[in-house]
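The next part holds the structures, each set out as structure tokens.
You will see chain A twice below: alongside chain B first, and alongside chain C after that.
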Partner chain A sequence: MMSKILKYSFVLAVVFPLVFLLGLSLAQQWQFPEVLPQQWTLQHWGNSLFQQGDILKSLFLSLGLSLSLAGTVSVFAFFMSKHIAYSKHRQLYMRFTLVPYILSPVVLAVIFQYYFTVANLSGNFIGVLIAQLFFALPFGIVIFNNFWNEHLKSIEQLSFTLGASSRQSLLKVILPLSKPAIVLCFFQSFLVSWFEYGLTQFIGLGKVKTLTVMVFSFINEANVFYAALACILLILPPIVLLYMNKKILILAR
Partner chain B sequence: MSEAFLRIKQLHKWFGQNQILKNINLDLSDGQTLSLIGASGSGKTTLLKIIAGLENANQGQIYLRENRIDALSPQQRKIIYLYQDALLFPHLSAFENIAFGLRLQKAKHIPAQVNAMLDKLGMQDQGHKMPNQLSGGQKQRIAFGRALVIQPQLLLLDEPFGALDPEIRSHMQKLFKTLVSSQNLSAIFVTHDLKEAIIIGDNIAKIEQGSLIQYDSKKAFYQDDKSGVNDEILFWKHLKNETNED
Partner chain C sequence: MLPVLAGLGYALSYSLGLTGLLSKGITFEYWQKALTSQSLWASFLYSLSIGLVSVFISLCFAVSMALSWNKSIQQGRLSYFIFLPLCFPATVMAFVVLQWLSPSGWFSRIAFELGFIHSLNDFPNVVRDFYGIGIIFCSVLLITPFFTILMSNIYRNENLLHLENLSKTLGASTSETLRRVTLPILFQKSKMTLLLFVIFVMGSYEVPLILGRQYPQMVSVAIVQKIQKFNLNDIPLGFAMSVLYVILVVLVLIVFGKPSRKYLKPHFK
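On to the complex of A and B.
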């Protein structure tokens, strides 16, 4: 009984909005109180993906930005968190990682905007990437924080006494053991970047048009058909990543 | 200076203001096992980690076969430190755990060497199992095999049987003695257990609040009033008398 309730709740919460958005993106005309669109068309998809290609460009820009951020955060957070975890000042460092959460990303952007303008980082891809790193990197460090513990330290030390160099120990012992944590960090950082709006808009000066920025822009223009189309594209990569994440974690076990 | 396989001279270690090890001097002969006893926090683990190169001493020298090793990295020392927890690599099978050191050395005939070791450990048919499929005693045997197969210069064991139940513990003590003598290995064996120290060790040393006393022989250890052996004997005599009275 409970599983049935959960299944229907899932359909209502996830599948129904997706079907609704897909219908909206394929509608030429859909007026209240009609249950289904009066006219269907592939024109919005054709325009967005092939003729004007704005949404497609935004999709690739977003993918580039989020994948770059997720990759950078996973690598840096992995090594920085190790340093922090085995440091005498672990507690202090971990408090520092919480600072970006006290301020919202937009407030952070306002604080740092001057420096971004001086460094010629406003309104471009690199600038937005660096700005997102300000809060995504501490987030990654928090994810890895519990991974580094005395048990893992002992395993690493044991590999040294068995003759492994630091590099061999990293590749043959630590990385295989940290796979679930790395996947989690990559996935979470990707999502943080993927759905980020305020800071991207502020530092990007409206020139870095990620898919999330495009969705807001279509909604502001009351262009519901294109907004629905962009929303579907916005949801797809996280679903793919969620599926991959699950597969990798199951394999790791 | 007479020849010693392992020689530690005037070793000191501080953690901040606390002096953990005070003027440690220790000699270990080739092919001998030294049992090291002492209370928790007395500095036993720190001493083993310093010998293995996992911690640095503040002062003192360590010689192995008359070569000074305290500036060498753990990889260069060929000294294996075994923890109370077997610490098998959880992503590798029992076979691959044993093969780990051999693969790093790019040794020849790895499958044959690993199978021979599994045979010695009495685990011929367990090589394919993952660590989470092994019992505590089996894990500890694989950990032994992983250490012994690379033929280390010295074995350091930090209460390796502490977490095992009495029956398996006794079996592991016998297996340890057999394997160590068959490879003529030198070892330092840390334990809380007086009986275990006497069974395992060719010689005994005691560490108390960072200071080490090394006995010339086991007999000298038994004769020392502070060794705890007399208390143990009195306890068993008392128990026997009580049982007879009943």
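On to the complex of A and C.
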């Protein structure tokens, strides 16, 4: 009985932040000491999605950035991880891949910023994409590292023995087998970019207004209702991914 | 590694006065300032304490949940709910905590309605406070689900249920089994991940930016503020801090070796 009560309390505690944010995004007036908002409205959602469009623009920008990063990381990490996995110095390379992953993204942004300014990459989409790539690519390699093993190597060699060219072996043997790994890498890189704030703000100079940047600007303006709305939009894609596959979420954190 | 080395090279040369707006040739002045700066060490120690306390509290909750609800976490409906907090970016969780725990927040309103407080000022200061309670609370909310899943996976993969039964058959009590079998194995298998999470919390930026205060500051916030300040003398100091932070983290990585993500690895078929 006690265990059941604790479980239900836990579920309530987990779901409550979501309900709280949804409620806040639908509130219009909420003065202290009222526990619930005095007025409810759909106006914020209507304004954001259909009229002013700032949040909608940020949503599409975030989606564009995260999808571009996920695609780029998946392709590069796929080929680079293969070379690393079959290299004599695999352990050493794998340690190197962990360095940018363990460092704080914002500290990375601080030490990269000079080069981005010189290359005229500060304050634009491409600059932020490249900066996130430095951070997410090693992460992608870590994900693929588990995929390249002796079994796969022997399958690839078997295809060569049976007369396949490198291209045929890649397209007809390796790629179909690597579909789960590519999907996992794609979605995890997507989430790394989707959750990112410090690096995006620092390299983007506040001009690349992703949803996380918008949440901060709403907080600074003390516009809690719109901040809550942007937060809901930030949480939705990970929830969809959770529904699709739980494992996708766990490694991205 | 190349971009990191290039970045570090620039930060190091800036902190040694070899480049930058105030560059006058090589000088150790900024490093001397950085190494003797009370606020820098306070910042490092503060970040380390927040990291250690957050990881310890999360670990306690996670081990309790993983041991009590292991089956439900692996298979039942709870398995979906345990993953739900992982959908929250740090920015969102920090915003939620701010809305809950600030003096005009939701808990303060409830305390007012219940008659525990009579004005905003009566509510204890738990966000932007000296002890970083808001930051710790937020970090615990973010980390605990991850640790719970990690502990639950170790429990299953190491066949701990079997070992626990064996220990009890050999005459050990429940608490002895917990202290001498379950907890040591869980800790041994997860220690590297725990250490990495201490480093992650130390380097977190969004959470202390929303829930932290000006002094003491978490290390990432302190570095960014030094470099973005209008005082040009602070920029080399900020770069010296960032180099020190990187050296510290890389040293930890070298000393403690390759972190194992075995228990979180996907299985490709």
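In this section, the second predicted complex is superposed on the first by the 221 of 253 C-alpha atoms of A that agree within 3 Å, B and C clash if a C-alpha of one lies under 4 Å from a C-alpha of the other, contacts with A are read in each partner's own complex, and residues count from 1 in each chain.
Rule of thumb we're sticking to: a contact is a pair of C-beta atoms (placed from the backbone, for glycine too) under 8 Å apart; a residue touches a chain by one contact, two chains touch by 3 or more.
These figures come from a predicted structure and were not determined experimentally.
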> So, does A:215 touch the first partner chain B, the second partner chain C, both, or neither?
Replying inline: second
>> In the overlaid three-chain picture, which partner chain does A:180 touch, first (chain B) or second (chain C), both, or neither?
In response: second
> Is A:229 in contact with chain B, with chain C, with both, or with neither (first, second, both, neither)?
Replying inline: neither
>> Quick one: is A:7 in contact with chain B, with chain C, with both, or with neither? Answer first, second, both or neither.
In response: second
> Which of the two partners, first being chain B and second being chain C, lies in contact with A:70: first, second, both, or neither?
Replying inline: neither
>> Of the two partners chain B and chain C, which one touches more residues belonging to chain A?
In response: C
> Counting only touches as set out at the top, which of chain B and chain C does A:192 meet: first, second, both, neither?
Replying inline: neither
>> Looking at A:162, would you say it contacts chain B, chain C, both, or neither? Reply first, second, both or neither.
In response: first
> Can you list the residues on chain B that touch chain A in the complex?
Replying inline: 52-54, 73-75, 77-81, 83, 85, 87, 89-91, 100-101, 104-105, 146-147, 150
> If you look only at chain A, which of its residues touch chain B in the complex?
Replying inline: 151, 154-155, 157-165, 168, 172-173, 176-177
>> Under the stated contact criterion, what part of chain C meets chain A in this complex?
In response: 1, 3-4, 6-8, 10-11, 14, 65, 68-69, 72, 78-93, 95-96, 98-100, 104, 106, 108-110, 112-113, 120, 142, 146, 149, 196, 199-200, 202-206, 209-210, 219-220, 223-224, 227, 238-239, 242, 245-246, 249-250, 253, 258-259, 261, 264-266, 268-269
> For chain A, which residues are in contact with chain C within the complex?
Replying inline: 3, 6-7, 10-11, 14-15, 17-18, 20-21, 24, 32-35, 91, 94-96, 98-100, 102-108, 110-112, 114-115, 134, 142, 146-147, 178, 180-181, 184, 194-195, 197-198, 202, 212, 215-216, 219, 224, 227-228, 231, 234-235, 238-239, 241-242, 246-247, 249-253
